[in-house]
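Multiple structures are listed underneath, in structure tokens.
One chain, chain A, links the two complexes that follow: it is found with chain B in the first and with chain C in the second.
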Partner chain A sequence: MEAHTETTRQAGRLLAGATGGRRRRGDQIFSNATVIAAVTVLAILAGVAVFLIIKSVPAITANPAELPQGKTLIDYIAPLAFGTVLAAAVAVVVAVPLAVAVALFISHIAPRRLALTLAYVVDLLAAIPSIVYGLWGIFVLGPAMVPILDWLAAHLGFIPFFAGPASVTGRTMLTAGIVLAVMILPIISAVAREVFSQAPRNLEEGALALGATRWEMIRMVVLPFGRSAVVSGSMLGLGRALGETMAVTIILSVSGIVSFNLISEQNPTPIAANIALNFPESSGVQVNALIASGLVLFGITLVVNMIARLIISRANKDTE
Partner chain B sequence: MNRTPDENPAAAFDPVEPISPIGGPTVASGTLPRWFLPAVVAGSALVAVAILLAAGSFTIVVLLLLTAVIALPTAYIWSRIAEGRRQAMDRLATLAIGTAFGLALVPLVSLLYEVIKRGVARFDGSFFTESSRGVIGAGGGAEHAIVGTLVITGLATLIAVPIGIMAAIYLNEYGTGRLRKALTFFVDVMTGIPSIVAGLFAYALFAVFLGPGIRLGIIGSVALTVLMIPIVIRSAEEILKIVPDDLREAAYALGTPKWKVVARIVLPTALAGLVTGVMLAVARVIGETAPLLVTTGVIDSVNTDPLSGRMQNLAVYAYTEYKDPGVNVQAGYDKAWAAALTLLVLVMGLSLFARWVYRRFGTDLR
Partner chain C sequence: MTRKWWLVSAASGVLALGVAACGSSGSSSGLSGTIAGAGSSAQQAAQEAWTAKFEDQNSSATVSYDAIGSGGGRDQFIAGGSTAFAGSDSPFDSTELPKATKRCQGSGGQLVEIPDYISPIAVIYNLSGVDSLQLDPVTTAKIFRGQITTWNDPAIKADNPGVSLPSTRITPVHRSDDSGTTANFTDYLHSAAASVWTNDPDGTWPLSGGESAAQTSGMVQAVKAGDGTIGYADASQAQGLGVAKVKVGNSYVAPSAQGATNDFDQSKKDASLSQGKYVIAYTVDRTPTSSSSYPLLLVSYLMGCTKYSSDTTTKLVKAYFNYIISSAGQQDAASNAGSAPLPAGVVKEDQTAVNAIGS
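Take a look at the complex of A and B:
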């Protein structure tokens, strides 16, 4: 049901104009208040960009010798951006297949009565604060990962990602990526589930009536229908993983290098982790350099999120 | 004509169970009984238990993995022999998707278990009634952090809720044209702002006016506001959307001015949903660490004034107790876990309570 149609909207508008002065003033005040709120929200978003830029300028104009590590701003931020993208990429690669399976399980395989409860349980994963994930990652998952890392280094060491030497503490990119994957899984699966459950009933039933098994029906009807949802959900998850701070800050033993090695003790540093680790002790232009790196992070997530939203809105237009 | 299924003459001649189009058994489901997959899983689990007991090392995660490793090929081969290739593929896919779902729940179960197990050590009276002032080893508590969390989150809620709900009213009741389109799009974009960037923004905002190096409770509130507003708008908009037009039109027909329709008809109808949305938004930001780490600073004693001095909060407390556990490392870790448990209880409690409010007081609008 399309609630609050344009006709009702117009009726309200006409009435607001047609009645007496006192009423009109009440309407004026109230509608202006809502417009102010709307503009405030846009102003806040613009303000985020403006104030980050203002506070980044001293770092951009500063002499490289004053910046952290004595590098130019670009040389300082580039390896951090690499770390951010690598951690988020690992998370997305791990999370997407699982999230699609979770979404399919809830929308098409689990008994109807159970589906709502299961969806709620998966959503609980999204409610857990990231500091709790961080502590769990370093005290529980990290140590549990050590034998797996050893095995990867011994048997798959020829792949650059698993070149080793394997970490003995489990504080690696792979561990951080898995924790990030757990954190973004509910986001991806929520978007995918929503669309999977809207797959055209007549096509599903037609496929089954023609003798397709349930899996064949899913493969031929549901998955093609939900493809753009999986893509956009993954982009939203990617955006979340790029900006996620505490879990990577706690789990990674950072060293600021550029390396594709996912299982070693030496890891690239994501931007967010670098800020969280260094901001409390920084002063002067070093703070500005950190804010400039935050601005880069903001830019990256903004682009990723806008692409995701554009895909979603285009898909919505197609189905309407 | 009313027939019970028993009187249906066709039923007597129909040996096949009623065909449910989706989910349940269909004519294409093959010949193995419906309990085939559960039976295979149960059998595999028994075999896995036996293997692990024989090997002498028994952990639940390994047991689950081994069960999946045994069950997947068993189900496939058995079904392949009994039912054919396509049915076997169906069984395999069903089982694999179920396994992936189970795998996704392992971290949740493990996390809840570990947080409770490690958190209860210091989840005691003194944790909630003592601050960490002057404490360098064991003892002390998180009173200052709990107070800080409540003040910072409360203030953020006070700022974010009016703006968020008014903006949602704008979107749903008044908005037209480009401003409405822009707001819809950018609220979605705003949902994706990384929390640390929100913290940096709040810091930069106050640093521009009050000078660098500033740390106040209210800066943290502003950072959380940026994160809360899009969540409040989204949920409020959803709930306003399902208030039926009939109510609005009936009020208009009685000559009620529009602002009164919104304030006296629409908002009260949607109240439970709005409250639920706000509570979920609070639950979402109450455990934020990163934005507060860069805005409110770290302190050991109680501070209730967001406008002066540093302010501790639970999430940052958990982080600092982990990072600098002090002279007694285990005591520091215990306090970090107790703070994590407190946060978890707060967040889960808020989420469950919010849903209960909606179910108990929500007007059924569908």
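Take a look at the complex of A and C:
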């Protein structure tokens, strides 16, 4: 990091020398443009937050009888927040090992040509619209999951996650989580891949020279080096999974309950899906209640990202 | 007034090619301007057909319909502004009615609320080996409440003598979004099986439990995907699935447009919600006894004013409403949305209300 900054400074001095120490007009425009861009992004974020807060107030002050289902706002949003976190957690648990494996394969195992093709294909997964994933989930993955769900219920039913009875349509939290996992896989693997491939060559070769197998080398050199990248990639993926709407709305059979059962036909409702389902027919203070749930989602995403930053900065300190 | 109505229906009857009645009765000439409506998504397919046909016949007029949902449509109508008319799966309730009336009085008019769209709802199921199914409303209510859990339950057997029913687990599917279909289905259960279905009719599914799916297409897909599933959807969307016959009196009746029309024909007006000369709200008869009636149907309403601050709007609303309730308009809705035609008696009442617009 510091070496980079030093190089940049040197380059700056060289350039300044070449142009006789004056800052060119182009530089001025460019630097102003970047400032404007940065401020705009902040302003948009602040604007969204302000909008959410202002529009939430009527729901917060409203009489519970006017709110959806006649519950208090907290009772209304809490199960939804649970559903959001559960769906995203399933997605991350499924996606992270897969994404790390894919990233390692591309960066260290596969022959170069195959690695390039595979990297391209994985990136392509990110370009598929979420509604297409949703349709795939309900037409293909859901029905295909039915026998697996039956098996899970029959053999692993003692684990609360697989308590059953298994859904006959496959439109369960597990299916939704897997689809979300496929959606966030490209983000995690792209971040991890970049960092894995920058693992110090001398350490890798040293490990191999000392008699480490390829797996031992990866475990002792590459993985520790890429740990913070995996964490930050996972958090980016988690952020996407928390807010994913369309695919979940289509796939998941929602009931608004609180349950850890991943394979039943009754599933918690994630916030984003709940908004998509109920906004079209809502009016008055019910819309405010939906926006208040959006504010909670905004808060959850913010917290997740802050935790990610914290972990990354810790990890960076450790390695230094 | 009666004479004009007679002319309208005669004209639409004669013109076999579906030329709109209002067009032929002379009001099309010189119609121009733009009106906007909002509301029920159940009416969306019908409104799309209506606006397209209407604009075809009145090339300088524009009618738009935003399917934002029934509640939103009623709210926007009350708020006034540019929303000239609304579509809603339920009539204005007792707190909305005075506000809506006030909105119309603001431009010196009266509130018009007429049923404009009815459509049979089918109980759909997917159960391998079972091609025909008959259901008593009480049994249906118990199935959707999760009190009957297997297909070979004695209650289902009693409704289906001679049919061999498997022991497959029943997976009832309901709509996860707020919908008029759910509102009418729960109203049916609430009225026809009051002892079991104790929840009030509601557009959002009142129970937790069971499988859920978004929109009609999601519902149909969910029922198709699993074995032992049962759900409810607009009858026009039920192709390829088992459709249960519903117990009416002592017989079992399959959904049909004619059955829905017959049932609505026998339904009575809701006196408390029909406050106003041109406000027509019905309580659908969910417990008919004649086997020619099919009680599981959706009824949707059209709301407008007899007078708007702009004369063009008044004229346009009148012409558009006239077309919707004409037999040509009802026919267009039937072919595009699979709806059932309004009963003649209701059309007559509707016509009286529409005639009052602009007069």
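We adopt the following convention: the second predicted complex is superposed on the first by the 269 of 320 C-alpha atoms of A that agree within 3 Å, B and C clash if a C-alpha of one lies under 4 Å from a C-alpha of the other, contacts with A are read in each partner's own complex, and residues count from 1 in each chain.
Just so it is clear, contacts are C-beta pairs under 8 Å (C-beta built on N, C-alpha and C of every residue); 3 or more make two chains touch, one makes a residue touch a chain.
Not measured: the values here are computed from a predicted model.
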item	value
Touching partner for A:G294 - first (chain B), second (chain C), both, neither	first
More chain A residues in contact - chain B or chain C	B
A:N278 touches, of chain B and chain C: first, second, both or neither?	second
First (chain B), second (chain C), both or neither touched by A:G237	neither
Chain B versus chain C as contact partner of A:I250, first or second or both or neither	both
Touched partner set for A:Q266, first chain B, second chain C, both or neither	second
Partner chain in contact with A:V168 - chain B first, chain C second, else both or neither	second
Partner chain(s) touched by A:V146 [first = chain B, second = chain C, both, neither]	second
Partner chain in contact with A:R309 - chain B first, chain C second, else both or neither	first
Common interface positions of chain A, toward chain B and toward chain C	138-139, 249-250, 276, 280, 283-284
Interfacial residue positions of chain A with respect to chain B in the complex	3-5, 8-9, 11-13, 15-16, 19, 23-24, 26-27, 29-31, 33-42, 44-45, 47-48, 51-52, 54-55, 97-99, 101-102, 104-106, 108-112, 118, 121-122, 124-125, 127-136, 138-141, 144, 182, 185, 189, 201, 204-205, 208-209, 211-216, 218, 236, 239-240, 242-246, 249-250, 272, 275-276, 279-280, 283-284, 287, 290-291, 294, 297-298, 301-302, 304-306, 308-309
Chain B residues within the chain A interface of the complex	21-23, 26-29, 61, 86-87, 89-90, 92-94, 96-98, 100-101, 103-105, 107-108, 110-111, 114-115, 118, 162-164, 166-167, 169-176, 179-180, 182-183, 185-198, 200-201, 203-205, 207-208, 212-213, 225-226, 229-230, 233, 240-245, 248-249, 252, 255-263, 283-284, 286-290, 293-294, 297-298, 315, 318-319, 322, 333, 336-337, 340, 343-344, 347-348, 351
Residue ranges of chain A touching chain C (in the complex, touch as defined)	68-69, 138-139, 142-143, 146, 165, 167-171, 249-250, 253-257, 265-266, 269, 276-278, 280-284, 286
In the complex, chain C residues that touch chain A	41, 67-72, 74-75, 169, 171, 173, 176-179, 203-204, 208-214, 218, 221-222, 225-229
